[in-house]
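Below is one structure. I have some questions about it.
The chains carry the letters A, B, C and D, assigned in the order they are written, with residues numbered from 1 in each.
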Amino acid sequence: MIGIGLIGYGYWGHKLARNFAAADGARLVAVADPDAARRQAAAHDHPSARIAADAAEIIEAPDIDAVVIATPPALHGALAVAALDRGKHVLIEKPPALDHRAARDIVGAARRAGRVLMIDHTFVFAPAVGTLAAIIRGGDIGGGDSGGGDNGELMFVESTRTNLARFDPTIGVIRDLAVHDIAILDHVLARRPVRVSARGRRIDGAPEDLAYLALDYGDGLIAHLHVNCISPVKIRRLTIGGSGGLAIYDDVEPVEKVRVFGRANGADLDALRTGYRSGPVRSPTIAPEEPLARVVRHFLACVHKGETPLTDGAFGLRVLAVVAAAERSLAAGGVPVAIEEA
Amino acid sequence: MIGIGLIGYGYWGHKLARNFAAADGARLVAVADPDAARRQAAAHDHPSARIAADAAEIIEAPDIDAVVIATPPALHGALAVAALDRGKHVLIEKPPALDHRAARDIVGAARRAGRVLMIDHTFVFAPAVGTLAAIIRGGDIGGGDSGGGDNGELMFVESTRTNLARFDPTIGVIRDLAVHDIAILDHVLARRPVRVSARGRRIDGAPEDLAYLALDYGDGLIAHLHVNCISPVKIRRLTIGGSGGLAIYDDVEPVEKVRVFGRANGADLDALRTGYRSGPVRSPTIAPEEPLARVVRHFLACVHKGETPLTDGAFGLRVLAVVAAAERSLAAGGVPVAIEEA
Amino acid sequence: MIGIGLIGYGYWGHKLARNFAAADGARLVAVADPDAARRQAAAHDHPSARIAADAAEIIEAPDIDAVVIATPPALHGALAVAALDRGKHVLIEKPPALDHRAARDIVGAARRAGRVLMIDHTFVFAPAVGTLAAIIRGGDIGGGDSGGGDNGELMFVESTRTNLARFDPTIGVIRDLAVHDIAILDHVLARRPVRVSARGRRIDGAPEDLAYLALDYGDGLIAHLHVNCISPVKIRRLTIGGSGGLAIYDDVEPVEKVRVFGRANGADLDALRTGYRSGPVRSPTIAPEEPLARVVRHFLACVHKGETPLTDGAFGLRVLAVVAAAERSLAAGGVPVAIEEA
Amino acid sequence: MIGIGLIGYGYWGHKLARNFAAADGARLVAVADPDAARRQAAAHDHPSARIAADAAEIIEAPDIDAVVIATPPALHGALAVAALDRGKHVLIEKPPALDHRAARDIVGAARRAGRVLMIDHTFVFAPAVGTLAAIIRGGDIGGGDSGGGDNGELMFVESTRTNLARFDPTIGVIRDLAVHDIAILDHVLARRPVRVSARGRRIDGAPEDLAYLALDYGDGLIAHLHVNCISPVKIRRLTIGGSGGLAIYDDVEPVEKVRVFGRANGADLDALRTGYRSGPVRSPTIAPEEPLARVVRHFLACVHKGETPLTDGAFGLRVLAVVAAAERSLAAGGVPVAIEEA
């Protein structure tokens, strides 16, 4: 039984608590939050957990094996380092920190401590993203890594993610929305962009409400991302095309979230010129699981077996590096900015 | 009755002939083609038309008022100038010429002759494009020009046009596919890009089979176009977002080709954060007319009334200028290239 | 502040409790359930509510104004009559009772007591159903009741409701699924079927897992319903066609749940013969509200103002009468069965 | 080279002529039509064919091997019998005749003559229908006939076919529209209905503009068809559900006309209760061929090899018998009518 201590009982912390409380092999031991009303809510929701005002009571507690951090990002660094230094495993709500240096400190602390560090990039754990990753890895579309054969190549990546309003009015859509696509692509494509250029729209000094990003992978592949929070309709569509076919992941679509369009060999050229598609289409079964429940299960499994999480500290650093480079490019009017290696 | 002479009886010429033969107020007087088999086909299809091997027999004929040119583009210039100099009205299959200079010569000849010159940018005459142009002009989305009020502004334009195979193996997808989007946007947005950057994919020295274009309108608006001829599914989707709403034109969709998503005022912020859309959606009625029939009717009406066609010589020059600048940008690795004014 | 007492803390009771606890103008005073584990759950979820094993403690309590009954249907009748006789307002999870007689007793008790009786037909309160009802009432499709004009007529109603599995293995799909369509149509069409015929499929004596119902409204209109719990894909589609247009309510569709297809006057007959649609399409804005929250709000408003609920006892009787007639028809091999008036 | 003689050069005859003229292995020898304008059109379109006013010139001609009949249905019988008696193969535009007796005479004549008789039920030859038939035959859905295994069973068939206007104002929608579904189901399901009931709507004595048909296959399977010519949107959707899965054929959908929803074994019951689907979805590749071209090719192949066409005389009789029984049921107010065996 892994003892869990949660720091921060706001919107996301409350969801994390619910999921840990429901997970096999874990026990929600304690919750800390400086806000009295939130402590009251935590006590109501989890009567068997200890409730504290001070995060130190979590970090120091001998019956807590893993610390879950869901505070404002500015506090992530100090809390995570302290917990790791105390030998706790750590799960941090994304982003790991506001800046690269603080995030690197966390990664260093995890390495020193030999403890599991995982960043909660929830969307990476959406079942449809796992399905998409398996499709790419299997080489159906191109770019697979199943050894020993020519899996063709990936040719284009296009993503549009629009929201009807801002989630967080203090940050721009690169940090608020594009971060999800950057994380998803890191996992799905299993390669890293080397350069990013970003253009956007800022009104009256507010953070950008619309941005275009071009991620250049240095091998000919470019991923184009469009994010905005000013659309009257929600669009969540990621298209990945390769020499072997094309996959569309439409997260708004309830029934067929992922569709794979195959390329037929030997098709008639005239038919191709005027036709609507060349090969069969399939839509794999996707389990209707909640992504956050999978985050929690993965973290617990890594702690249990001593394995490295999919979204470990290095993953978090990589995503952060792309976000930071994109923001620099945006500020510089769209010039390509190299992505510093973590 | 406007006497029509057609030069070139290939794939497109044959369709033009059929449409002129069926149009009110026109008579297909003669068809010229140097190829014997094509002349035979023309004679079979249009028994009452004179058939000639030599284009001069069209250009010189006193009973021909308007010359329709559907030859390979390299021949457009000389034929069009000769016809205009003889006082004929001229309709040219797009592009007006292979290079800017030849195209400008045609425009100059039309001006001197005081005759109608129209470039057959067929897709601009798709009924759905007309509907889209009216929506933008009316200011529903933003960016309208209906005088005297604040119509808001356009914020983003995204287009994806994929084909399952090349139409013309000798040219790249900028010239083959993006040209349609460039022409459509010229009409729909009623503004001109000042700069374009293009990235693409070329395999073994073949013309590019995939390209991304960013058209910069100089006023903050950027249109992103993606074209390729290597997709296993046909995608034809143009999205235009503005402060007032968003329009999606999906040419593959049979029932609702154009949908307009409105933005609701006073919507609840929490509902917006998690909702799928904010306002009503409508899909205007679109007459199921053949675009080429509308091209022919528009040309005949302009000849009849002495009016300037929507896709006149200047329009053709503008499109050509964007295409040429995009190809230069592609060759230069994606640097922005200024679009020279015609 | 209306004091609420809830009897039954199972799957649905738990949801009702949550919604009453969150509603303005109500206070969840007490919860009763004979099952100890459920009482424990209720105590955990609603620490400020009294928890009892015996329903009598709810019915007798002077600080309870309204009793919410979410027990197995066989118990509804006795509990509801007792509560009404004690002067309580009553909300009953659908169905009001297992048989007509018991349901009629409840309605009689409500009339004698002069108290509000509402049946929780949740789906009738789905925002999209309200939108659909308003469309029909407004006469856009036909069959409207906006006085003084000819609103045309309704011509056909088709509904398919499939589930991937049974909700309740002890009852057939008429009682489990078709009941929702019968209730929705009662509200939306604002007319009553006079006769119903039903055919279905029963395997090895189990309740029917598939059924077709034809509701005959006696005025020429027939509604065809298909329900089953053996489909590998969820279908929730209701189509209502009239002389003025057609509405499709697709509950699986996230973005455009209700679409209204208009009929264009003066359309070209040839275009109609081969076209995809004749008039404009619109998809009204639908608030993303939870149906059960609207049930609770409506009940509280009726109690507060002494008004008759939309889904009052008579509504429940009407739905029950159609269900019972359909089951008789099914048992008799599909012969039409008259629907007895409540 | 099979010599073809065509009788009737109206809307459909003109299409048949074009397809025979383009087919390998056939030569359009002669066309007959009593109408002078149509003869002129035929002469223009097919300059190498003999043109006649009198059908006898087709039937008697020694250089004609096969006679194609596209006259009004009332004339089909006499012409077909005469042609068969002269030893010609015969293709008849559907229906084979207006009444059963005349149709049976044709079938008898074909049997006596030992010649190929095919009824042009074009929609049966739509590539998507062939795909659907193969899916059913293969047992993917249930009801397959691939010997030796348990293919499960078919459980429901639902079809909606709406048109925006009447094709033929003189006949009702059973004869005009439902006939297509009856023919498609005959081929796809490979079984015959034994009984049909039909309800419909007739205004002012005009033929029915809306009809519901229930085809009872006598083995528990019932197919429900809805046809009308008064819808503002075209719906062409056929759903076939079985114990193994479900297929949807939506003819309006350009990209995925046929989708097959699989049923997952061992799926979690809770997931099924609230999920959107249980197994994978696939959409097979469908060649974009013109159905009528396939009709012509099939007829020529049968003549060439002496084989029995898919839509032979018996097929035509079966479809006619269902149509006639449905019309009788409609006239009798919906009572089930037995379908007489041909």
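The definition used in the following text is that a contact is a pair of C-beta atoms (placed from the backbone, for glycine too) under 8 Å apart; a residue touches a chain by one contact, two chains touch by 3 or more.
The model shown is predicted, which means the values in this text are computed figures rather than measured ones.
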Counting C-beta pairs in contact for B-D and for A-B, the higher total belongs to A-B
Maximum distance between Cα centroids and chain D occurs for chain A
If you average the CA atoms of chain A and of chain B, how many Å lie between those two points? 42
Measure off the straight-line distance from the CA centroid of chain B to the CA centroid of chain C, and report it in whole Å. 53
Can you list every residue of chain B that touches 2 or more other chains, as numbers and ranges? 233-234, 252, 254-255, 262, 264, 275-279, 281
Would you mind writing out the residues of chain D in touch with chain C in their complex? 155-156, 158, 160, 163-165, 167, 199, 201, 210, 212, 214, 220, 222, 224, 226, 228, 230-235, 239, 241, 243, 245-246, 252, 261-264, 267, 269, 272-273, 275-279, 281
If we count contacts the way the header does, which residues on chain B are in touch with chain C in the complex? 254-256, 262, 264, 271, 274-285, 287-288
Which part of chain C faces chain A closely enough to touch in the complex? 44, 47, 233-234, 252-255
